[in-house]
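To keep things clear, I will list the structure first and then write my remarks on it.
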Amino acid sequence: MSRPPLRPRAHYRHWHRIDTRFGDNDAFGHVNNAVYYAWYDTALNSFLLGAGLYQIGQTPGGGSDAIAYIAESSCRYVSALRYPGMVEIGLSLERFGQSSLSWHLGAFAEHAQMPSAEGRIVQVCISRRTERPIPIPAPWRSTITERAMHPDGVQEKADIPWS
Amino acid sequence: MSRPPLRPRAHYRHWHRIDTRFGDNDAFGHVNNAVYYAWYDTALNSFLLGAGLYQIGQTPGGGSDAIAYIAESSCRYVSALRYPGMVEIGLSLERFGQSSLSWHLGAFAEHAQMPSAEGRIVQVCISRRTERPIPIPAPWRSTITERAMHPDGVQEKADIPWS
Amino acid sequence: MSRPPLRPRAHYRHWHRIDTRFGDNDAFGHVNNAVYYAWYDTALNSFLLGAGLYQIGQTPGGGSDAIAYIAESSCRYVSALRYPGMVEIGLSLERFGQSSLSWHLGAFAEHAQMPSAEGRIVQVCISRRTERPIPIPAPWRSTITERAMHPDGVQEKADIPWS
Amino acid sequence: MSRPPLRPRAHYRHWHRIDTRFGDNDAFGHVNNAVYYAWYDTALNSFLLGAGLYQIGQTPGGGSDAIAYIAESSCRYVSALRYPGMVEIGLSLERFGQSSLSWHLGAFAEHAQMPSAEGRIVQVCISRRTERPIPIPAPWRSTITERAMHPDGVQEKADIPWS
């Protein structure tokens, strides 16, 4: 039984640089495992917000109706990262379903060719009003395809089942 | 020049127990300074929510209109707290202004008579709709006076200036 | 293609109650996805510390030499949890390798029979001095088997490959 | 009674840019009050580490013996900051005691002339081995004086009393 090889830098189509924080390190002296998800989350939302695909909203009832919730996440930790320093988060879309988006993410030390950690996040498009899944809006599909989809990424009608 | 004496347990009128988390400890091996404010925030909001004075709201535009923002906060760290373990947060209202509430808070190790840290938080009542200060709602004033005001607490017409 | 059914309460052998915090809720009004991992981490470490299997150490060079790092983690989010309220984290050991431990975790709202989220964490035993994997210490194996191993849990000589 | 005027950009001698994170925003839609302290902490430690004044240490017992603990902190919140976006943290040393350092900090939106929040942190130099205060090391005093001390900053023999 063996693990799939790590995905190198070239796998990723969009990058988000993130500053580590003093509090990211835990009692074992390196970045706590939960912090990687805060980075992934930030990288993904920064891409979607930067592309104009949704707005958070600053007042009650403000913001766009279509947003994305996280339905699944996973991370494989390969080597420790530590504050201080910058981390580069790579992302690429692996798969569109009807409502769902599966992303690959990698956390790289600056200039490193191989990741310190890599993960996968499945988002589901949701109407903020109804809190129910909706088909991926057309502008999401076209913009993400253009800017962040991996060449081997797939578009499918069906969703990965999620609850 | 000397510092005011620490406030003992008897100073506080309402208590909130909080579980420390593994990630609360930082690279120096004790709870990070910023975490105390997350505890204070949680203790205060839990008191206000538990007393039915406001609702967070789960949908856009939901929740009560009157909420409280934090205008000032401070903390004096006396002795280190560490995960694992429970912490007891004491709170008592020190002063009502027209829109503002000044709270004393203390972070105590279980069974300790003297605090490991003590702080002060000034909240300002805000209309969520306008994001502007509003007079403290009458039910806030009466409920807090009854359940959490220190015997030496004061009620004043004027606010501590805040911006 | 279908997903495995959710694991009910009865699947878990050890429980850790955790207090939600005001800051756990994110801009979408429910607990942020990364926070579940902070809960899992806390539940696991509290079990291991409570069973006397390792010590964090409060001074440089203090604490036990054998600790556990997280090599992999994953979470499936089923329904939103929100501050305020308590969450109950269930855990049970699914598999021992030579150096690795695979855990099932579930995040349950109080009194709920089915989880709001469920996850899996693979830990690897490490010597803090060398930062290299070591065989699971005998007291870990016996104590965890007794207190937290699932009846269908397996003991294998080989590790799940991890990097 | 009136509050002191806010300190403008020109007050600060050293700057640290920090990336906001999705999880920095709380249920009220702006950065949570506790997060500002995580930023201040990061800005201060990044300055001290970048100047070579201390090392965190990556192994048990590693790192420098002289480190700084936070004895007091405070913050005045003036206008809301929100993810996404960069924040600029300014810092300048206000006062040296025998063991203590008092810092002014300001959190500025990019390009803003006036701060969204401003704070004060008192650090105390500690021996990591004994966990007791020690006189500020000479290289700290000279480097900080040169790179981050405010022209009106003072050097005093006595410490602000701290416990």
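Lettered A, B, C and D in written order, each chain numbered from 1.
Everything below uses one rule, namely that contacts are C-beta pairs under 8 Å (C-beta built on N, C-alpha and C of every residue); 3 or more make two chains touch, one makes a residue touch a chain.
If you're wondering where the values come from, they're calculated on a predicted model, not measured in any experiment.
J.: Work out the mean Cα position per chain and let me know which chain is farthest from chain C.
T.: That would be chain D.
J.: Tell me which of A-B and A-D has more C-beta pairs in contact.
T.: Pair with the higher count of C-beta contacts: A-D.
J.: In whole angstrom, what separates the CA-based centres of chain A and chain D?
T.: 31
J.: Rounded to a whole Å, what is the gap between the Cα centroids of chain B and chain D?
T.: Distance between chain centres, rounded to whole Å: 23 Å.
J.: Rounded to the nearest whole Å, what is the centre-to-centre distance of chain A and chain B, using the mean of the C-alpha atoms as each centre?
T.: Those two chain centres are 35 Å apart.
J.: Of all residues in chain D, which are in touch with two or more distinct other chains?
T.: 22-23, 25, 27, 29, 32, 34-35, 38, 41, 56-57, 59, 83, 128
J.: State the interface residues of chain A toward chain C in the complex, per the touch definition above.
T.: Contact set of chain A toward chain C: 1-3, 6, 27-28, 32-35, 37-38, 41, 56, 67, 69-79, 128, 158, 160-163.
J.: Looking at the complex, which residues from chain A come into contact with chain B?
T.: It comes out as residues 22-23, 25-27, 29, 32, 34-35, 57, 59-63, 83, 128-129, 131.
J.: Quick one: which bits of chain C touch chain B in the complex? Just the residue numbers, please.
T.: Within the complex, chain C contacts chain B at residues 17-19, 21-23, 25, 29-30, 38-39, 41-42, 45-46, 49-50, 56-59, 82-84.
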